[in-house]
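Right after this note come the structures.
Consider the two complexes below, in which chain A is the common component and chain B and chain C are the respective partners.
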Partner chain A sequence: MKISYYPGCTLRTKAKDLDDSARLCAKALGVEMEEIENWQCCGAVYPMGTDEIATKLSAVRALDAAKHNGGKLLTLCSACHNVIKRTNEDMKADGDICFRANNYLKLDEPYKGETEVLHYLELLKNVVGFDNIKKAVVKPLNRKVGAYYGCLLLRPSGVMAFDNPENPTIIEDFIRAIGGTPVVYPFRNECCGAYVGLKNSELPKKKSEKILQSAKEKGAEEVITACPLCLYNLQTNGGNILPVKYFTELLAEALGVQA
Partner chain B sequence: MTREERIENLNRLSGTDVKKCMKCGKCSGRCPAFKDMDIKPHQFVSMLAQGKVEELLQCEAIWNCFSCMACVERCPRGVAPAAVVEAVRDTVVRMQGKNGIKAEEIPPIVDELIPQQLLVSAYRKYNK
Partner chain C sequence: MQRIGVFICWCGSNIAATVDVVKVAETIKNEPGVVFSANYQYMCSENGQQLIKQAIKEHNLTGIVVGACSPRMHEATFRKAAEEAGLNPYMVEIANIREHCSWIHKDMEEATEKAVILVRTAIAKVKLNAPLTAGESPVVKRALVIGGGIAGIQAALDIADAGFEVDIVEKNATIGGRMAQLDKTFPTLDCSACILTPKMVDCAQHEKIDILSYSEVEEVKGFVGNFSVKIRRKARYVDETKCTGCKLCMEKCPSKKGLDDFNMNLNTRTAIHIPFAQAIPNVAVIDATQCLKMKTGKCGICQKFCEVGAIDFTQQDTFIERQYGAIVVATGFKPIALDNFNEFGYADNKDVITSLELERLMNAAGPTNGVLLRPSDNEHPKVITFIQCVGSRDTSGCGKPYCSKICCMYTAKHAMMIREKYPDTEVHVFYIDVRTPGKNYDEFHRRAVEQYGVDYIKGMVGKVYNENGKLMVQGSNLIDNEQITIASDLVVLATAIEPEPSVRKVATLLTASIDTNNFLTESHAKLRPVESPTAGVYLAGVCQGPKDIPETVSQASACAAKVICLLVKDKLKTNPCVAMPDEMMCNGCSQCANVCAYGAITYVDKEFRLGGGKTEIRRVASVNPAVCQGCGACTVTCPSGAMDLKGFSSKQIMSEVEAICKM
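What follows is the complex of A and B.
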């Protein structure tokens, strides 16, 4: 099957590992990720101000492109997923934002939130199926891995509807499917400090160390994430407590499709 | 803009009803940046309800909130403290000369590993 794909700014640059491994694995699992044309950066954080319209337009353009190309939009970066999914909800449920965005965009047909936004992990779970991934594994991981969810995939749960925001299981199920042992630790859904680091570098340092320490104490040998900013924060500010990788890198390893 | 208009503007910009707060404090209890906030998440809500605009506009906490939505998730009354923080931050950075980060501060702190996502997010949050 083919699915429209939105890579985002960082997957084209510093997070090529995430993009490359995801494409290779998808191909091995029978899914072709078709990059939408002329996509623009989503802005990386969802603007909450109720009068913010212009800052949401790039997400709406991507959603509209996917609407005319299969009706589903696949995301991989946690931030893109958060911004695009929340913007989609605005287009569906907030008449004022929908009206003003369409007024500006003047599309052939107004966009009203028709596209289904799907994260790569949701694709693995709901479209490919973890059972089928298990069957495709040639090199089971055989090690203890801690899932780091962070904030963007889970919250606000009313809109994201990704997993239980307090006790998620999708990445643990993923780890099991590729032959690893998931390690559940208390700080896996705590924010790592994100963008604050550019202004106050101490804060992400404190948070990242706490997260990795928590994973190590519960026995994790490495930590995986779907977010390039989490990866950067944990790797750079986490005090080298544990190795941090993209979840797709482990999938590629297990499927034997490493580039 | 009068004080009343300022209050009305913050309420509208946040899109949340601060009067629904029942002061249980779960938002601040869950906040990962709690110790680094001079005004705590629950105080953003109560201070806006009380119309304490001047103090809100002068606080440091707007630069330390992660917008991680943990407070929003835990609120049993459907109030969004993070949206109040964002409304205050938006109001501040939309004023002339009040951006949280200046362009010339960026090059010295950029290393070759910094993801674009960090620069884009920080600029969105701190600058207009």
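What follows is the complex of A and C.
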């Protein structure tokens, strides 16, 4: 099957590993990720500007492109996913934003939130199916892995509808599917410190160390995430307590498709 | 020639604000058969009823239509008025122009048009109505109470004191329910056992009360005044008539590792046991899943030691069938399971407990003899954090949407009692809102804060995790606008309560309605709060909605009053709107009997004349009008159209449909 794919800026630069491994795995699982043409930055700071329209336009363009190419838009970066999914909800439910965004864009046909936004993990779970991934695994992980969700995939939970924000299970189920043992630790859905490091470098350090320490105490040998910013904070500010990887890198390892 | 009168009610502004009542009354005047049409501000008032009575007499009306509220509200009122004016009460039809029209529409023109249609529909029906006469059925002067907690106990005592026989069916081995597990009761802090056990003893000693413990309702047949109930008496493997409650068997039983459910599984108990010291009946019961004799065939020690020969390993479940005039449901509640709330670490940390578990830990008869020791290491906790609303007022779908109502008060009680008994203990309470309305309730909560120095923190808890042997409670303090973490020794979760799950089965047996949260529905939220919509079934305690002990006891007594009102009557008027077969059309196929939920239909062989002096014997359906509830299931099932419902005949329904379609 084919699916429209939105990589986002970070996956072109710092998070190339995430993009590469995801594409390789998708291919191995029979999914063709078709990068939408002329995509732009998702808007990134969208959550900070609730009353302006410009930050939403590039996300709407990507959504509209996917609407005309299969109706689904695959995302991978947690931040892009959060921005695009929330923008889509605004286009669906907020008549004022929808009206103003369409006025700017002057599309052939107004965009009203028709596209379904799918995160790569949701693709694995709901489209490919964890059972099928299990069958495709050639090299089971056989180690203890802690899932780190961060904030952006889970919240706001009503709009993201990704998993239970307090007790998520999707990445643990994923770890099980690729032959690993998931380690549930209390800080797996705490914030890593995000952008606050730009202003106050101590905070991400405190937060990230606590997350990795908590995972280590519960027996994790490594931690995986879907978010480039979380990965950056955990790796740079986490005090090297545990190795941190993208979830797709472990998937690639288990499927035997490492680049 | 029919002479129909139409009466349009304003219901103050309830109807008149959206429906042009004058226009409806005027329009309807021109309907064929209508000889009188009027509108009035409150048709149900004395003056309104007088208007109806007068019109019936003056215009010699043969049938009337009242355009007003739902027939559930005032059909009986208007039927009575008609009867007083000499008109058969079943010649009255209600057009519901309030719930079905004015309340749900905004546009006056549309609503007025719809009201006219609804009134015309009722006119079409009333023209085909026939006078009906209510029959009578006798009342069995005995009540059944399902559930032997404080609600069931209070209801049973009040009914029995009025002189009627009462049976309490309790599924556990003893009556007492949740209240028996509590330590102290708010707001007066008297000991729960001290005020409950005398009532339990009263039940046991009351000559009119029969306690059927370790029993469950299996089947319910019949109807108000005449229920026939099959009760399963579960095998307790101990002869209730012989056991003296000496507890020698408990001393000798070698199987000691069963979880003590009365103590919320905080300690273990023997396979043969009496749930607690003041149990009623004070008779042992054997847990068959734990008993060595039952599992392996080897043991039987209790049997050897029992001086009165009460132990009987061969005992089987038995069934009894009894007749009742009224049934009280008092099935109670349980705290919800915490599977959806892993963030509070209940499953992973022994020292994260529920409030009901804390009750047992603080109770003198509990596993720690009333000394507050935390479960993991039996140490005195020095910092205790309470988390309120665990699973209550939850909009995420993980818990319950409602407020469990009792938690604010019992948490204040726990906090206060701990500070009183162990003043060196630090007590924190996380809350969303403190809700303590009630006599002396808010004063009680304020005492916890102001006199006992309990630290109340407005905010929710995100997670509880273990760090270096401390339970770290991470939450927000909304007043100070900061995230805080409290290192605690014991965490107590004020867990939401839900109806005891067996209530679903009971509701099904009684055809009593239940809401999305499994609470039984009352007949009218304000005016008939203790009656189920199913006649003869009454509701007491938490099975109807969250409530504390004082409220439960009041409701149980109200319930008893309603039951007594019913049982003092010798006969009840039956609903004449029952099914009736056209014997000439019935082919005796039995399909109607198969769908009848009340067992009202039987078959008889009847002789029919065929003409020319010949006769034929055919098998035809026969309806027992005292048992038929007029549900209509048989009328729609009958393949030959022989079955009809009096007052709701197919002809009447079709005429209504036609009246609507004509528009």
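Everything that follows uses one rule, which is that the second predicted complex is superposed on the first by the 255 of 259 C-alpha atoms of A that agree within 3 Å, B and C clash if a C-alpha of one lies under 4 Å from a C-alpha of the other, contacts with A are read in each partner's own complex, and residues count from 1 in each chain.
Basically, a residue touches a chain if its C-beta (ideal position, glycine included) is under 8 Å from a C-beta of that chain, and two chains touch if they have at least 3 such contacts.
In this text, all values refer to a predicted model and were calculated from it rather than measured experimentally.
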Chain B versus chain C as contact partner of A:115, first or second or both or neither: neither
Touching partner for A:50 - first (chain B), second (chain C), both, neither: first
Chain touching more of chain A, residue-wise (chain B, chain C): B
Touching partner for A:13 - first (chain B), second (chain C), both, neither: first
Contacts of A:167 with chain B and chain C, given as first, second, both or neither: second
Touched partner set for A:225, first chain B, second chain C, both or neither: neither
First, second, both or neither for A:214, with chain B first and chain C second: second
Chain B versus chain C as contact partner of A:87, first or second or both or neither: neither
First, second, both or neither for A:237, with chain B first and chain C second: neither
First (chain B), second (chain C), both or neither touched by A:157: both
Shared chain A surface residues [contacts with chain B and with chain C]: 157, 165-166
Touching residues on chain B, where the partner in the complex is chain A: 12-15, 32-33, 36, 63-70, 72-73, 80, 82-83, 86-87, 90, 100-101, 106, 109, 113-122, 124-126
Chain C to chain A touching residues, read off their complex: 340-343, 345, 396, 398, 462-465
Residues of chain A defined as touching chain B within the complex: 8-10, 13-15, 41, 43-52, 55, 77, 79, 150-151, 155-157, 165-166, 190-191, 193-201, 203, 207, 227-229, 231-232, 235-236
Contact set on chain A toward chain C in their complex: 157, 164-167, 184, 186-187, 214
